[in-house]
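This report refers to the structure that appears directly beneath it.
Chain naming follows the written order as A, B, C and D, and within any one chain the residues start at number 1.
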Amino acid sequence: MSNRKFLGICGSLREASRNMGLLRCAGEVMPEGAELAIADISELPFYVEGREKTEAVSIFLEQVKSADGLVLAVPEYNYSVAPALKNALDWASREKGDILAGKPAAMMGAGGGMGTSRAQYHLRQTCVYLDIRVLNRPEVFSNAFSDAFTENGSVSDTEEGKKLRAKVAAQMKALCEM
Amino acid sequence: MSNRKFLGICGSLREASRNMGLLRCAGEVMPEGAELAIADISELPFYVEGREKTEAVSIFLEQVKSADGLVLAVPEYNYSVAPALKNALDWASREKGDILAGKPAAMMGAGGGMGTSRAQYHLRQTCVYLDIRVLNRPEVFSNAFSDAFTENGSVSDTEEGKKLRAKVAAQMKALCEM
Amino acid sequence: MSNRKFLGICGSLREASRNMGLLRCAGEVMPEGAELAIADISELPFYVEGREKTEAVSIFLEQVKSADGLVLAVPEYNYSVAPALKNALDWASREKGDILAGKPAAMMGAGGGMGTSRAQYHLRQTCVYLDIRVLNRPEVFSNAFSDAFTENGSVSDTEEGKKLRAKVAAQMKALCEM
Amino acid sequence: MSNRKFLGICGSLREASRNMGLLRCAGEVMPEGAELAIADISELPFYVEGREKTEAVSIFLEQVKSADGLVLAVPEYNYSVAPALKNALDWASREKGDILAGKPAAMMGAGGGMGTSRAQYHLRQTCVYLDIRVLNRPEVFSNAFSDAFTENGSVSDTEEGKKLRAKVAAQMKALCEM
């Protein structure tokens, strides 16, 4: 149905990241025809006005430009957004052509008891400025310390893991219908 | 009077940063006896769980530990906090000993028409978690594109610049009385 | 073109409200075919679970149901939303049938120097839960104490007033294209 | 020790409110010497500029003036603050003499899975403007639908209820030490 290509961006750079696991899960449950590529933002330097784009930046910007929409995996650090994710969006925001504007997007996150909600609401405010069209429902908040995740950060096959997978699937379906 | 030593942290890494200019101004107008050192966060890598501290990180953490309070210069990028500033606080938050907790702090910012207010409110939420005691009043919001600033980012001697300097002085006075 | 009927809701109950003036202006500049009715929320009681709907509540809920979208005039009280506006949405949220979900909406506000931005960002978070689809751009922030407004709260014919009217018109156009 | 008199304000007007139950609990666990009175805000009209104070408003304002600090029970309605609570603070904010400024305060809330956190962060922003000094730690988030509460809304004697009582006690102790 949908032939849309989405780009996943994960704010956590650690190994076995649960947030990266959420993105992999999103890729697996995408509606037929839709695809999810996952960006590598681990080598992006801090955005500084006037700083030249590195190769990693250029590759990332091309991925953003060619994507039909975004899937944002949003860790929460100290009640707000992880700097690596915000920084990736900051780089994209400064590229000519307002390349983020109008793109549909979905957010998900794995964190403590609040499931990264505090970070997600901050990031939604950033998306207002960038004119990213963030899906309202369903929201995906998950507990990184539950058995919904395996040790390598993937969504597990436990009861909890299956529920989470179903929620991610519902979100991806809604994203494709935006 | 006050013998307190404050640490200034500026979220902008660009040359001639107005936010850095605000910090210099804060240092100049500090009440007698109080001092403001300014941290260099330009070499901090992104915080990643398990990543080893670099020398720049260690130096920064020592500065935080020995400071009696913080002065945060808060640029606004895309309606939220600049990653470099958030990242510096994230590093400090993971150091043993809860080193930020209980410190008084003040926020100021130079940006567009809203004076970085959107970023400052997000950062205040982070400070709740870190138990940083942020001064409520006066808030300092300034327009980076006004003639309150010189070309090298310093607070100017124009009418606007003098008003801004007075506001920063009032904030530093209130900070020292916390 | 657009035959859509929008419902305007104003959070200020005072006479000569500038926020109400913004709504009147929005009605005047609506694209051809679109219409704006303005709700009367002055008689709504506080929502309390189990409290029976008054006639004013029932009338308001019918207006919401039959509207194709919303135009929210958002005053800022103490850095957040005016209770009367939030309360109106709270009443609508408890009506059977999820009557707000999926409706497009635009926000505007007249306030102090920040133009009610702080209140608008809070209200946007409420709209996430209610699945109201709030327009990202353009945002409308206006200074209630400027000569963009006449004494009775209407948008004026001064230079400032004309700029504001153009901004409101651009927003209504974008709303009709959602 | 502490002879301070605190004023509790509850944003929920419903019978058997869990948020009111939290306030009663706070009163019971107050450190020796400290006292908690609970305001009745059920009869406050919406604040409107120029509207005359009713008797209920006057009584409430006197209670605020004579209180040494505030304990705010914060329900969450649609991801933000309950209008009745915000409205009470709005009335107090317009009284001559900046009567809220400088008062220490603590927040607690009973709600869904996030424990009213979204509402509490919004209310914290309001407190910046009003110069209310809100305690950072510990935060009190509780699940209104758990067995931490009895049917009449009181904190229960179950395991969950005892944990919640201990958390409220820790918060009241910290409040008295501000």
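The rule is simple: contacts are C-beta pairs under 8 Å (C-beta built on N, C-alpha and C of every residue); 3 or more make two chains touch, one makes a residue touch a chain.
A quick note: this is a predicted structure, and the numbers were derived from the prediction, not measured.
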{"item": "Winner on C-beta contact pairs when B-C is weighed against A-B", "value": "A-B"}
{"item": "Farthest chain relative to chain D (centres taken as mean CA coordinates)", "value": "A"}
{"item": "Interchain centroid distance [CA atoms averaged], chain A/chain C, Å", "value": "31"}
{"item": "Chain centre separation in whole Å, for chain C relative to chain B (CA means)", "value": "36"}
{"item": "Separation of mean Cα positions, chain B and chain A [Å, integer]", "value": "29"}
{"item": "Where chain B touches two or more other chains, by residue", "value": "118, 121, 125, 128-129"}
{"item": "Touch-based graph of the chains, sorted into line, ring, star, complete or other", "value": "complete"}
{"item": "In the complex with chain A, residue positions of chain B that touch it", "value": "12-15, 46-50, 77-84, 86-87, 89-90, 93, 118, 122-123, 125-126, 128-130"}
{"item": "Footprint of chain C on chain A - complex, ascending", "value": "101, 121, 124-125, 127-129, 131-133, 136-137, 139"}
{"item": "Chain D to chain A touching residues, read off their complex", "value": "114, 117-118, 121"}
